[in-house]
């Protein structure tokens, strides 16, 4: 992915974290982590950001369960999830394709999705690959469902889906995605072809705005510094020699 | 209580801890603590002893719940409980006398008894005052019951009751105490008069043996050292100037 | 994030009627803050002792700040019963919710985990079940029947209040192995902490102190209170003032004596004068 | 009490068919001990990853030591899927018990607390419930009806196995803030630990290290294993050997490559030769 596209994704995700109190980011998630740091820079220290598995950038001292306990306490306002497959109902599958248990192609597993998707108010789905293979009509395995029947305890759920081509917002009442913006250089037709599920859409969707010069300076400056420390390989690719470890 | 009687109680309790793996002692329990240390000296380091609220003599690092978690894991073989009242079914009352909640005389509360009495295999009841006021036919409030119906999860329960006058063993099958020995200088008639509940008894119960010279040397030596460190006021009274803090 | 307040303003974050969790006597008891609560004339507190308490609870009860005590035990330890607690329970001046130590720990862990209840073994056959209608016996759904077990509702204090040896400039608080306080803070809506001192640096930056540190995320406000556990001790730092505690036990045996004790040691904030607001970050 | 063993004898404490709990990749992974298990030709292990795992699980699975994997995820992180894990699940060579991170933590906490189950929010509507018939949905008995919640049975491993930076001469093990390992040890019947070094003294004697220490009570046996987490890192001590891990990911993509990796780095105990038995107490 080009550095420009990477910066665009960081910027658009950061916009979704504005005004929140606390954001947590899973392990090996450099773009969401950069977005959270960017939101914090812009917010003058808010949201507070916890990046898992990042040593100095983690503030957890109660072991691996603390993230989930915090989420259950209502102390995490936003989190990020991906998916081997994501369907039009925002159901996510992190387990693999084909029948369970003997998958056609087995992926790592559901991680904390089957819990966090229910209790974190703003879950942002992030999957760069936007193809009929990843965005499907119906997932083969529901690691975590996009919506729940009335009565099921569910203070949280999906907020948006960001891909390499566009931004979808999730409409919980309708249980469907709505195209919010197309990234520069991508068309609605292209997105329709690349998306395995049906979604709502205005006739003329806006274009995802490119990051401002100010944002780019933050990304190249303090955010790049954090990235170089926690994700040196990613930072080297993204920011080049200036930030290589 | 005389130093001789105190040493006798320490010795008789220590005998009940022989061969066990791990013993825990509650806060402010100098005689049980001394007994546990004595058993450990005799056993060459076994049982392992945890004395609560004693700083260096505690080995808990998971907060106040660790004692109870350990007990639930089956890692505590013996513990000590007392009682404002103890009845003939080994029910114990740590709450007070009279009706609940507005007791005639309110005592501190049930502490951990309502749990530990169920899960620690060998619970030793210890109450120096042996009178119709403390050893009653029926407790006014059951902080923890002596026995449980079939089906109730209960790997633990009462093993014995040691008072200032005698030793009772508890017969779980019969749900009754049996007099095991009379302390030197005390008679069966006296114990019957002082006991509010009916108990089983041989016609000619043995006398609780006095501590050996070897045991007295341990009590005055290493055990006294531990006591002086953890319970300085008790040690000063019990062992006199030689061990005063 | 963590606010830095004066002792009195910290105490002012507790509102009348709040569910207030306090530590056991052996663990970082916020005595200076408790005196500040008495001076502010708090009313109708629902005290939760984690899992038991001593002079802190007795003082609040004697001063009329408390409507309900939820506890496994209140006592002055070696010095005997907690006289104001016992008198208030006997007279009905406070409502008592009797509990047992592991039930309080487990109910706080339920709140910590965001679950509505926690199961606990034991209890069945105890009269505690009779006086705690909020505790419910069910048949273990994972067994084949005939395995009764108690469910305890989650206990989520409005405020957890304790005293710690030190915090860092970011509001991270060092608690060492006193993890019942970590659970209290995780479970509570707000956590107020007094500390002996605020140190420069970041306790989370080094793995050794980090292991014993409550992250600032959980700490709503901090105040500095030198000797803030007095007359109780602070393990490894100062010993309990045993003579003072014995005086308390003697005086508090009567209402008049208790009033005299308060007049001498509580009512006048000068007794906590070493307490100064710490500089805000 | 804690026994001091050689690495191989420590591994010998794990028996075929045991329920073996392993830490996540970011947390004190006992790679030297895992290689020793492979050399011993272990069979039919029921692996529990707490809550996820990486190369340690992949190696054991690839070597045929494992019958069942209970996990929230097995992956090589940045290096992609765990190839032997994925292949074994796809072929049915191992049985998979899919879980989710907080469920594994909660089920271990149930065992830690000696309760038969733990409730957990979330999960309802996930296909995990379909593939985990041991998880049961009940109607929350403390609500007024219509509040479904999942109960997870307690998870009590036969053996918890991990690598720590150091232990003291009494068998107390320093774990810092890696409290998932504390819970693992509390929950397990036996805990086996490898350490970089054994230090003189008593970690419990000073409050600062004590806060991050697992008491010897829980530690069945200890072995010294220098660089015992290699090729993974040990936070604050050594970095992961990224080149080696990338080699592993490449080779393990095929069965033949995996066999070549094992021949080069696992089969010969010389690769763990720095490992010596520590002096018994």
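Per-chain residue numbering starts at 1, and chain names A, B, C and D are given in the order in which the chains are listed.
By our rule, a contact is a pair of C-beta atoms (placed from the backbone, for glycine too) under 8 Å apart; a residue touches a chain by one contact, two chains touch by 3 or more.
Please read these numbers as outputs of a predicted model, since none were measured by experiment.
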Next on the checklist: Using only Cα atoms to place each chain's centre, name the chain farthest from chain D.
Outcome noted: B
Checklist outcome for this item: The larger set of C-beta contacts, choosing between A-C and A-D, lies at A-D
Item to check | Inter-centroid spacing, chain D versus chain A (mean Cα positions, whole Å) | outcome: 29
Checklist entry - What is the distance, in whole Å, between the centres of chain C and chain D, each centre taken as the mean of its C-alpha atoms? => result 36
Checklist entry - Distance-wise, how many Å sit between the C-alpha centres of chain A and chain B, to the nearest whole number? => result 59
Next on the checklist: Suppose each chain is reduced to the average of its Cα coordinates; what separation in Å results between chain A and chain C?
Outcome noted: 40
Checklist outcome for this item: Where chain B touches two or more other chains simultaneously, the residues are 60-62, 68, 72, 119
Checklist outcome for this item: Touching two or more other chains in chain C are residues 106, 109, 113-115, 120-121, 147, 149, 177, 182, 210-212, 235
Next on the checklist: Testing understanding: with touching defined as stated, what is the shape of the graph linking the protein chains, line, ring, star, complete or other?
Outcome noted: other
Item to check | Contacting chain pairs - touch in the sense defined above | outcome: A-C, A-D, B-C, B-D, C-D
Next on the checklist: Touching residues of chain A toward chain C in the complex: what are they?
Outcome noted: 22, 45, 48, 56, 59-62, 68-75, 119
Checklist outcome for this item: Listed in rising order, chain C residues that touch chain B in their complex are 24, 26-27, 50-52, 71-75, 77-78, 81-82, 85-86, 89-92, 95-96, 98-103, 105-106, 109, 120-128, 131, 146-149, 177-183, 235
Item to check | Residues of chain B defined as touching chain C within the complex | outcome: 27-28, 53, 55, 60-65, 68, 72, 94-96, 100-119, 141-145, 148-149, 151-153, 233
Checklist entry - If you look only at chain D, which of its residues touch chain C in the complex? => result 106, 109, 113-121, 134, 136, 138, 140-143, 147, 149, 151, 153, 175-177, 207-212, 235-236
Item to check | chain A-touching residues of chain C, taken from the complex the two chains share | outcome: 1, 111-115, 172, 182, 186-187, 204-205, 210-218
